[in-house]
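What follows is chain A paired twice: with chain B in the first complex and chain C in the second.
Take a look at the complex of A and B:
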């Protein structure tokens, strides 16, 4: 019961944050260089009729806050305006680009969790052994390699050189083809994040393995599997889940560069194009979607923490 | 009064005949020349050297020593769980199984089901994400597929054995008090009915009353099960109250092994004597607390000498020539003192000294109250995830006074409100109601004071806290720490000179000004903390458990230093402690606090010798070996 109440409270908090973000996003229009009308006109000829139409559509004659109110109410109804470049509704532009990005981010997260957490745990448990030292060395290289540079290297080696993977595009909408196409981008994006999560997990495991409860469990003959899963993994989970949530957010923003390198028609690429074309409504829409994602991921992380740790459920610190 | 301590010893003799337990046949645990070392094999640094002992079925062995003596490492080596980087050599046989470098299979057959280890800290020993019931369930004997309800009954029975209600099975460790957690841990350690339980300081982290309850429980379970016990402790009184035999360790070596009663009445090593003397008696005031000078050396630095020679008042050149072996000195007794034959009468004489009560020092002229607290109330609110906040009443209408030059002992268990009073006097919390007067300034609400008054108030009262490891800034040298305070005083022209003076006052060499806290032992750090507190020449010094984190010998040094400051500067003291023997030595007057209320107050001798309130009586009865263990008392169920 307390948990439901807590999650409700957090949801209300989320809404407040999103309203603040929406205000900032709306202000982008006013802050962009040149007059608002010129920005919204884009490449259209500046005839009095068109200008009047735009002024009416965007309520430009109203005070700023009223304009914001109009924008917000239509945003809530799913209308974020129209793309200046194509004239399409911003929501449908984003909807056509977002899936690839989300798939890429999810693929990356899977790599990070499936590779990073076990490797980090193994390194932390066998602290100081050869495996740990090699992994620790590799993570430094991994963290140092920028995703886009790594992407170019991967294209050169696995795409051009070995010909194993396609070098651009997202492929057809078939799942297998999609996975095939997204592998190199996901690896490029995941490498640095895997390195981070390995270090996080390793540190957390090392800390947990030195706790008295592990020693106590071993002295009373609790089985090795139980100690590793019930004790080490569960107690490591809290800091690792927190880190993974942050990494997912980093992954979403990291897609901007990687999508450009691999010519993926995703939200990242859309963002780059929209900024280049001063397509403010699309930029607004994307910024708003990213904000929603970030807030949602944070809520998920909090919910996961509640599931993992009974202490957080009781609201007792320490 | 003086006969009580002696009587307690006689009682101990009576209760623990030398050959308690079944000693027919081979020992259950046989340890022979056990060594523990750290580092690569070739250049290994020894931490424990040549430790040999036996534990027979049903017997309880106490391993006693200060921190750094190697007692915990010995225990860890026996269960094969040394920290990473340490390795053991020698021979440890448990019922015929060699345990040094034993294979995993051997351990699987032994750990839990035949040998179990109970650790010190109830707050870290249990998996925080698992209920007490889950801990028991995973530890109960395997095989024989119990039905769910059978298992639940078994868990309830196990909890009942340690004096806990069946509902505790549903609770997580964080919902239980320290004493309850230690009981759960005990039930869990005993779940597979081991023949030998090794308990490493199982009561050190607990309150006196809880400590007594857990010790009694340990004792009664051991007796009813006929289990062997190794009890590791730094507290001689705890070892005396439970164990048949005691082994004294120092810097990784065994210095004496003896039946309990014999050791208590007639120590056969100067270090054993030192430990006995350093432990302040609760029954009477002693004129001078005898500390062992210096601190425990590292094991490898005393490889070729008597480990204790550097701190021994009887040391002769021959003591430092080679490491003296353990030699038999009586029935079932060994000692590593080379000169025991010559000095034994002197050791006896020194011990008898402890039993002589000194007249408490003439009460210093107690002037007007330096601090007066009237009807103080404070409630803390703990916010919860959702729903209503929990309220804890820390102070429920407390009134007390501390006279100029008076030393007042504030006694009570965790949660009784002792520390809240200290924090209120220091202006660190604002009380909900009531009044605090400090030398004529009303400091009930610090925020309402102007800057000058606040400065004045802070000058009047200073504090020494419990943990010297966290109360000093690790980034600052000792000199900088002290100068920082001296600069506040404003009248110091030569702060370098003044720093040296302060260090001299607390018995530290002036060269320590250059050191950082990390290079100091616990006792030395606490002296620096005291130097810092008295640098402002406060009129009231609050000591919040200043020796609770220290070894006995360092404890005696620090107590003696505080007494000296009290006498020399006529500083008023508020001495907060849960240790009645400390309060006996330190306070003119005692205030007993229970659940945020003053339940008894009076001069030290009166309160301790003829307590009025049942709670005070319970505190006094809880002191180990002041009374023989009997039946077992229920835990105060307070999550």
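Take a look at the complex of A and C:
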């Protein structure tokens, strides 16, 4: 019961955050230079009928808060307005750009989990050894290397120089071709995230390895593999999972830049193009979408933490 | 293998580590010093006029007196990078310095006075902490528009919460210690206690976060100028040069590689120095 109450409380907090963020997102329209009508007209001819239609659609003759209310209620119903470039519904514009971004995200996640967690565990267990020191040094460079700068280096070395990978575009929709095209972008995006997760895992493992129950398990003669997987990995999971929220926000900003560097037709590139074209409805839609995503993932992380570690449940009750 | 041997090893390694790091730290310090020299005197160090165009030598690979080749308009890449250090680094430095002044003050005041304002600032910091700061900067600067100093202001506002949180939690430990009570008992004013007594004790945290804020802002500035936001396109910042160079990567790869390497090396050096500072602090903490 206490857990349900706790999650409900978090849910309410998140709704409050979403309302604040959505208000800020809505304000973008008023804050963009030029009149709201001119912004929404885009390249359409400004005939009185079109202007009247826009004013009616956005309730521009109403007070600001009423306009916001209308915008919010339609946003909740899945209507985020229309792109001023193509006239398409913003939701379908976003939906058509999402697959590439989701594929890139999945590929990156695989790299982060498959590379980051084992390396972090190995470094933490062999604390202070050569491997640990080299890994720690590498993570600092990895954290300092922004994905877009790294992307350029990858393009030069593996694309232009060695010719192993394509340097732009997402390729055809065939799975193999897609993976081939997304390899360099995923590496560029994953590097900083791997560095973060390695550090997080390493610190968690070092903490766990100093606990008495590890020493005790060893003394009892529990096998090395079982100590690592059953004791160390499970207790390391909590700090690593709670880092997922941080990883997500780093990844979101990173995706926008990496997709631009590699000309991938994903949501990140859509964001940059919409900003360049002053296509405010699309920018608003994407920003709102990102806000919902961040809030949802943070809620999931909280729920996962409760599931992984019974002690956090006790903390909630107390 | 017993845990005794293990912890001995770990201790030995930790001491080893401390002796080893300064060499790397010195190198990083030298890199940052070199960057600072370019910030102050980059235009003067530049071998050629960074804006002198030569249409006959467009996008040329290194050679003909151009150490890193030329850009699309035949301008010397090395000179542009040297003189571009200023617009690439001054903004981030101002962001980090602003964070230091405002963030440390608010963080320490929050820890010392507590109360409703402290709670409110902390909640706000928690909220901003969970948002993708760079994306917000891209959206705000892209839609609302803004020049160099507005970019500085936006990045400052977005990185302030980190600074406040870190300084607050460091100061939180200090304000509970007897020396603060003692100072209060003999009638020293609150702000004097904060700045003369608490601040020196949390200085390592403050310095380390200064460097991390600088890295965040440096990368943010470079990313924004890569997208054509923040820095006017005519000014030769590293991010804009990188963007220019990408389409010419087959003609003169150095036009994009050199700024990418500069950004990565500068950011890594500052991160390493900051990290080393943190580690030193953590080590000092366990000794107590």
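Just so we're on the same page, the second predicted complex is superposed on the first by the 298 of 318 C-alpha atoms of A that agree within 3 Å, B and C clash if a C-alpha of one lies under 4 Å from a C-alpha of the other, contacts with A are read in each partner's own complex, and residues count from 1 in each chain.
Going forward, a contact is a pair of C-beta atoms (placed from the backbone, for glycine too) under 8 Å apart; a residue touches a chain by one contact, two chains touch by 3 or more.
Every value quoted in this text rests on a predicted model; they were computed, and no experiment measured them.
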item: First (chain B), second (chain C), both or neither touched by A:112; value: neither
item: Touching partner for A:80 - first (chain B), second (chain C), both, neither; value: neither
item: Partner chain(s) touched by A:256 [first = chain B, second = chain C, both, neither]; value: second
item: Partner chain(s) touched by A:215 [first = chain B, second = chain C, both, neither]; value: both
item: First, second, both or neither for A:290, with chain B first and chain C second; value: second
item: First, second, both or neither for A:6, with chain B first and chain C second; value: first
item: Which of chain B and chain C A:270 touches, first, second, both or neither; value: neither
item: Per-residue touch tally on chain A - higher for chain B or for chain C; value: C
item: Touching partner for A:127 - first (chain B), second (chain C), both, neither; value: both
item: Intersection of chain A interface sets (partners chain B, chain C); value: 127-128, 210, 215, 218
item: Chain C to chain A touching residues, read off their complex; value: 3, 7, 9-10, 12-14, 16-17, 20, 24, 127, 130-135, 138-140, 142-145, 215, 219, 222-223, 226-229, 242, 245-246, 249-250, 253, 256-257, 259-261, 263-264, 267-272, 275
item: Complex interface listing, chain A residues touching chain C; value: 17, 20-21, 28, 31-33, 127-129, 132-133, 137, 140-141, 143-146, 148-150, 152-153, 155-156, 160, 210, 215, 218, 245, 249-250, 252-253, 256-257, 260-261, 271-272, 275-276, 278, 280, 283, 287, 290-291, 294, 298
item: List of chain A residues in touch with chain B within their complex; value: 1-3, 5-6, 9, 127-128, 210-213, 215-222, 226, 230-231, 234-235, 308-316, 318
item: Footprint of chain A on chain B - complex, ascending; value: 79, 81, 83-84, 107-108, 110-113, 115-121, 124-130, 138-139, 172, 174-175, 185, 188-189, 191-192, 382-387
